[in-house]
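Heads up, the next two complexes both have chain A, just with different partners, chain B and then chain C.
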Partner chain A sequence: MWRRYGDAIYTLVTFAVFGFETLALGALSISFLLGSTTGIASTPVEGVLLATLTSTASALALLGFFLLGYHFTSSLRDRWHAEQLDVWTERWIGLALEDTPADEIADSPTPRRLPRAAVDAVLSLLEVVKGEEGDRLKAVLARHGVDRLLLRHLRSGHLTARLDAIESLGKARLPQAFDALLSLLEHPKPVVRRMAVRAAAGTLATMTPEPGPEGPGGRFIQALKGASVQSGVAQESLLLLETRAGAVLRDLLAEPDLGDRLRWVVLETIGRLGLADMTEQVAAFTVHHDPELRAAAFRALHRLAAVPEGAQASLLDSLEHEVDFVRVQASHAAAFLPAELALPALEPRLGDDSWWVRRAAAASMARLGDDGVATVKRAAEIHPDQAARDMAVQILLEAGVLDPAAARLVKGVA
Partner chain B sequence: MWSAPLTIYQYVLLVYFSGLNLLYALFCCVGLRALVIVFAREFSQGSLRDLLERDVYKPVSILVPAYDEEVSIVGSVRSLLALQFPEFEVIVVSDGSTDQTMGRLIEAFALTEQPWASRQDLPTAAVRRTFRSLTHPNLVVVDKENGGKADALNAGLNLARYPLFAAVDADSMLDAEAILRATRLFVEDETLVAVGGTIRPLNGAVVQDGRVTELAMPKRWLERFQILEYARAFFTGRAGWSHFKSLLIISGAFGLFRRTAVLEAGGFLVGTVSEDMELVVRLHKHFLRKGQPYNIRFTPDPICWTEVPTDLKTLRRQRNRWHRGLCETLWTHRDMLFNPRYGRLGMVAVPYFWFFEALSPLVEVSGYVIVVVGSLTGFVSPRFAVLFVLLAVLYGMLLSQLAAGVETFLSTRYPRMRDRIVLLVAAFIEFVGYRQFLVFERTLATFQVPFKKGQWGKMRRQGATAAAASVDGHEPVGDPTGEPKTPAPVCPGQNRPTR
Partner chain C sequence: MSETLRPKDARILVVDDERVNVVLLERILEQDGYTNVRSTTNSEQAVALYDELEPDLILLDLHMPGLDGFAVMERLEPRIATDTFLPILILTADIRPEVKRRALSAGAKDFVTKPFDRTEVLLRIQNLLQTRFLHLRLNPELATEGQAT
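Moving on to the complex of A and B:
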């Protein structure tokens, strides 16, 4: 969406222009005030006005020339970069598919600085290429010193350079950058923390597993616990762990001092990743006193499409919970209870005060086989509560059990 | 006898001028640094792909209020249905349309009427019928009694199922990734309740399959001036306010909101022509009163394209309405003015909008009067007056160029060098007539506020989004020779390019 070159210079030009203009306008305002004794249109005031005018015209000319120049050069550069990108992508693909071991590539002589297009091409490929081919491409980066350059930029005082480096390292997933990225989780700027945690997670996903708190997974957990990142960002980083996610999530849940916010994130992530082997750990939270955690546990179970026997009683209890979002999530999860248990508990929920509970209950019932559909159909016709009847019709329509004409008829009958 | 007060007023004008321009300069610098540089890097294609692949996104309900939009509605809905986002629903609310809006929708999307178990979170005018599309399961169309744009949005909210909702004008087109980019912000910030995107003029653009594929400078100067105005408003003004957590306007053409937050605040206010700004101000007020952390942001990246007026009459009506809307909202929430309870909003943002936006046309007109009368009577030196007016013009041009400059960094920019030069020239000649014309209309609107409350006025439409919908594409939109098929009264959004 954005051209990433020249924007920092443009910002500097803008700062310079307006810094100067601020001084000019300030001088003008002061001279106006002082001019009250000699008359506002006196020669000294007019002189300052003329000077301000000249400086503004110069600033405008500078900005205009910069923009025209940038427009011209960026058009040329974009075209050239696109061509070079194609050439280099082809070359890197060839290298990735060769039989040369990654170590040999990294150690081979004649290192030279790669052009920008070559680095962009290899980084783009690294986003999709993994395994041995990916290692060979990483070796290219090491051979040409790109990894060292990126790590140097990571410590740069310039925000743009630092953000670019984090993004590149996120794509490259270089193990040697892992700890440097983790250290940025304490950075005062939220944007740096957000990008760093995502890049670190992506890197961890490709690293060789090492158990224990000193291993990369353990270091990641400690850094995440201490980092000030929003739940959404933490969740995204855990999802980026891919095949390593299960082990990290298990270790995270085992942390004795894990905060409720991160627990919530872990439960959400387990559900989203569909880690069925962690169903029991999730089920333990269905009796948690915190409604947020309890609801998260039910949501995870719903996504895992399983309710362990040990959690059935708490689920049925939670259908009557005082907090509506707990009832909603419990109703969703109830679709995975045996029908004979779920239907009698869900049917009263059709008359719940909350529209969301009614909807979740009806949707779950419709998923509970023929008996469930029949119960919803019956509710659509004879449930004493109008809202329950409407919701039942709605769900039957969405499930394709009723067609619109039949639905109108049912509504008429009801 | 008049000499002393006039002298004092002159000083007031000069300080006003300096203060206003310094503020603009500050917003420009802050907006550029805080938003463009950071945003361009954080929201890379890779990060967006991660969002989709890892399933972290939040689903969105897109609400499209429509009143007599037969010209553009099908194209607009098609472009929305083609958005790159995994889970969303489009809810079109026909607000008692008197033309073929419903007929066109029924035909184009194979709509079938069906009962609907909607919530009654917000009171609205009666809903007549609800339809679902047989071809697009995520399209819902509501046909209701006329109640105004805010009422239509509230009716849509009653049906919305997802945690986020986007309010989109029926005459606007979203970039394919607009929703994706905007929702990412909600993933990253739990306190975020609303996000406004950038609105850019669609006139002159080439569209293919409901997407803007190339920009070209429109032929009319009127449209070119508006390109500059939109750039100034979005790339500098709103970016700056957003950085200071004091954003008061999110354009009705495209804004993304947290549904529960808006419901908590009471939904859209019916009976105002500025329901978008009013809602944002009310959201601020609501959360500040509760003492609950919240955030309302502008982002430069999610881009919405809208057709800007091509004739003076329509432009005049639009700006009149925008200014009345601004005044209405400020008056409704006048208790916030210099009220320390509302923090920087009460002490800075709201006073700014009162003095530098709502009252600015009056100040500007009085400035012109003083310059002319003072020069004629010898009270002001003509040489001084000319120099001062020239300074104001140059400063305005500087700001315009700066804003238009941000646009050069976007991948979808005006590609030809000639267009860039035209924008430079437009920045100069907009000060000769165009600006005075708008100031006059806004002055008029200031006095009309008590008498035209809630009146939208009619707007002529070229049918840009209808052209955008053409599947074979390559139609230049807003061609000057093209007249609208039906000059229709509409309830268009508030793409207000004020700062």
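Moving on to the complex of A and C:
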């Protein structure tokens, strides 16, 4: 029911109506409290009561009519907008696919200033299509001054208008808006920074790569380094870089003054995007003094399904790290070590104090071929620690090596 | 099932909750000569349309309200004979490898990332259909008996 447009008048009327009611009912209450009522049926009280009831009824009727009218006009407006959206979508698709010559669209049927439905339609299409078709649609926005209008709205003092403009520019991915979006990463409002970094990342993904700090990638990196955005937001923006992500992430990791929080984000993103060609860069962090970064490096290696030879020693050391979440991630990554290295190091971790380490160690061993499964089976039967035996049985069950009946038998044997 | 085994006669089903995407894909396919395209913006109808059309290719969005692309593939799985190659081309803005892995294990055969390039979409569709029809040539009984199990 709460809408972005018409909110102000809706709020005003609601407050006026309820304020009026409150005053009237307040007056009635005070008149009762002051003992002016020797009898409820006395004429002045009846008058106040009648006036209050009348005003309340009028106010409620007014509110009711307003609400009904509001919903009626809203649904009419939405239906009309949807119809217009369909009409404009067809026209823009025709233009994008060259069914309709650009001149024909630019001529009389298309107003100089595009209606909202036309802009919404072209922005929705730009979310789906790129290449030559996308470029034709972007040209439409430029021809009708939509890009300039949106850039003007980026500086609007009205937050909703500004957020709308950022969202639209994020869909349009216009290179001419890139620097304006980057400048918003210093905005005092977190919501503006969050939307701006997303829109800028999406735009960068479509821009022509240029090397060096003055190129769009370099400018994005500098803006991101200086921006106060949450780790999740930074990671989301890096994911939105699509095919440009690898180059930006590589440059970010090479930045000497990159903060640890952003480094952590970069390592996470490399893992999530599965950028296998960055395994060596990630492996360099497996000896980092910060446990968060070291764990992030192991988590990334686990996701990349690779542990370079140079990182094998640090992984084996980290299996005994004092911080449990480092041991957890190292245990997960150990699934990608040679079995003869991993198994002797993982087996003791079955008796780790941390449930998570025991689980990660058992799961990794179960992935290390027949020898690994045999080791877990043996642990399920004869490990001196009950928690280790239970975890081994659980992992064998999950891996389908044991069925529930066999698992009960193994527990019985133990 | 296509008896003529010509890619342009292929039956194509488009399932995407965004009407704009559906219209765009329809036009792209139509312009490239595909004449047998059905679409829906309601993923709940995907299975019924599949039964009705018996498509040679499904273009499927992953993130949809209600029944998402994974759930649609799950519902279609028992209807697709194990020896049939029914290509499902996923259209998604989600580029994370785990999403791709999950979709591939659910039955998807290829991906197109949104925003997409028209040429790329058409080439992927063409490749998948060629594979589909080669498979049908090798298993002619599937082409005549229907693919639903």
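Just so we're on the same page, the second predicted complex is superposed on the first by the 337 of 414 C-alpha atoms of A that agree within 3 Å, B and C clash if a C-alpha of one lies under 4 Å from a C-alpha of the other, contacts with A are read in each partner's own complex, and residues count from 1 in each chain.
Following the convention adopted for this analysis, contacts are C-beta pairs under 8 Å (C-beta built on N, C-alpha and C of every residue); 3 or more make two chains touch, one makes a residue touch a chain.
All values reported here derive from a predicted model rather than from experimental measurement.
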| item | value |
| --- | --- |
| Partner chain(s) touched by A:Ser228 [first = chain B, second = chain C, both, neither] | neither |
| First, second, both or neither for A:Leu53, with chain B first and chain C second | first |
| Contacts of A:Arg272 with chain B and chain C, given as first, second, both or neither | both |
| Touching partner for A:Ala121 - first (chain B), second (chain C), both, neither | second |
| Touched partner set for A:Phe15, first chain B, second chain C, both or neither | first |
| First, second, both or neither for A:Val129, with chain B first and chain C second | second |
| Touching partner for A:Ser156 - first (chain B), second (chain C), both, neither | neither |
| Touched partner set for A:Thr73, first chain B, second chain C, both or neither | neither |
| Comparing the two partners chain B and chain C, which touches a greater set of residues in chain A | B |
| Contacts of A:Leu239 with chain B and chain C, given as first, second, both or neither | both |
| Overlap of chain C and chain B interfaces on chain A (superposed complexes) | 127, 239, 272 |
| Chain C partner contacts - residues on chain A that touch it in the complex | 86, 89-90, 93-94, 96-97, 99, 121, 124-134, 239, 242, 272-274, 303 |
| Sites on chain B touched by chain A in the complex | 7, 10-11, 14-15, 18, 21-22, 25-26, 28-29, 32-33, 36-44, 46-47, 50-51, 54-56, 112-117, 119, 132, 177, 186-190, 301, 380-381, 383-384, 387-388, 390-391, 394-395, 397-398, 401-402, 404-405, 408-412, 415, 417, 420-421, 424 |
| Residue ranges of chain A in contact with chain B within the complex | 1-4, 6-8, 10-11, 14-15, 17-18, 21-22, 25-26, 28-29, 32-33, 36, 40-41, 45-46, 49-50, 52-53, 56-57, 59-60, 63-64, 66-68, 70-72, 74-75, 127, 159-160, 163-164, 167, 170-171, 191, 194-195, 198, 230-233, 235-236, 239-240, 272, 355, 358-359, 387, 390-391, 393-394, 397, 404, 407-408, 411 |
| Residue numbers on chain C that touch chain A, as the complex places them | 18-21, 23-24, 27-28, 31, 93, 95-98, 113-120 |
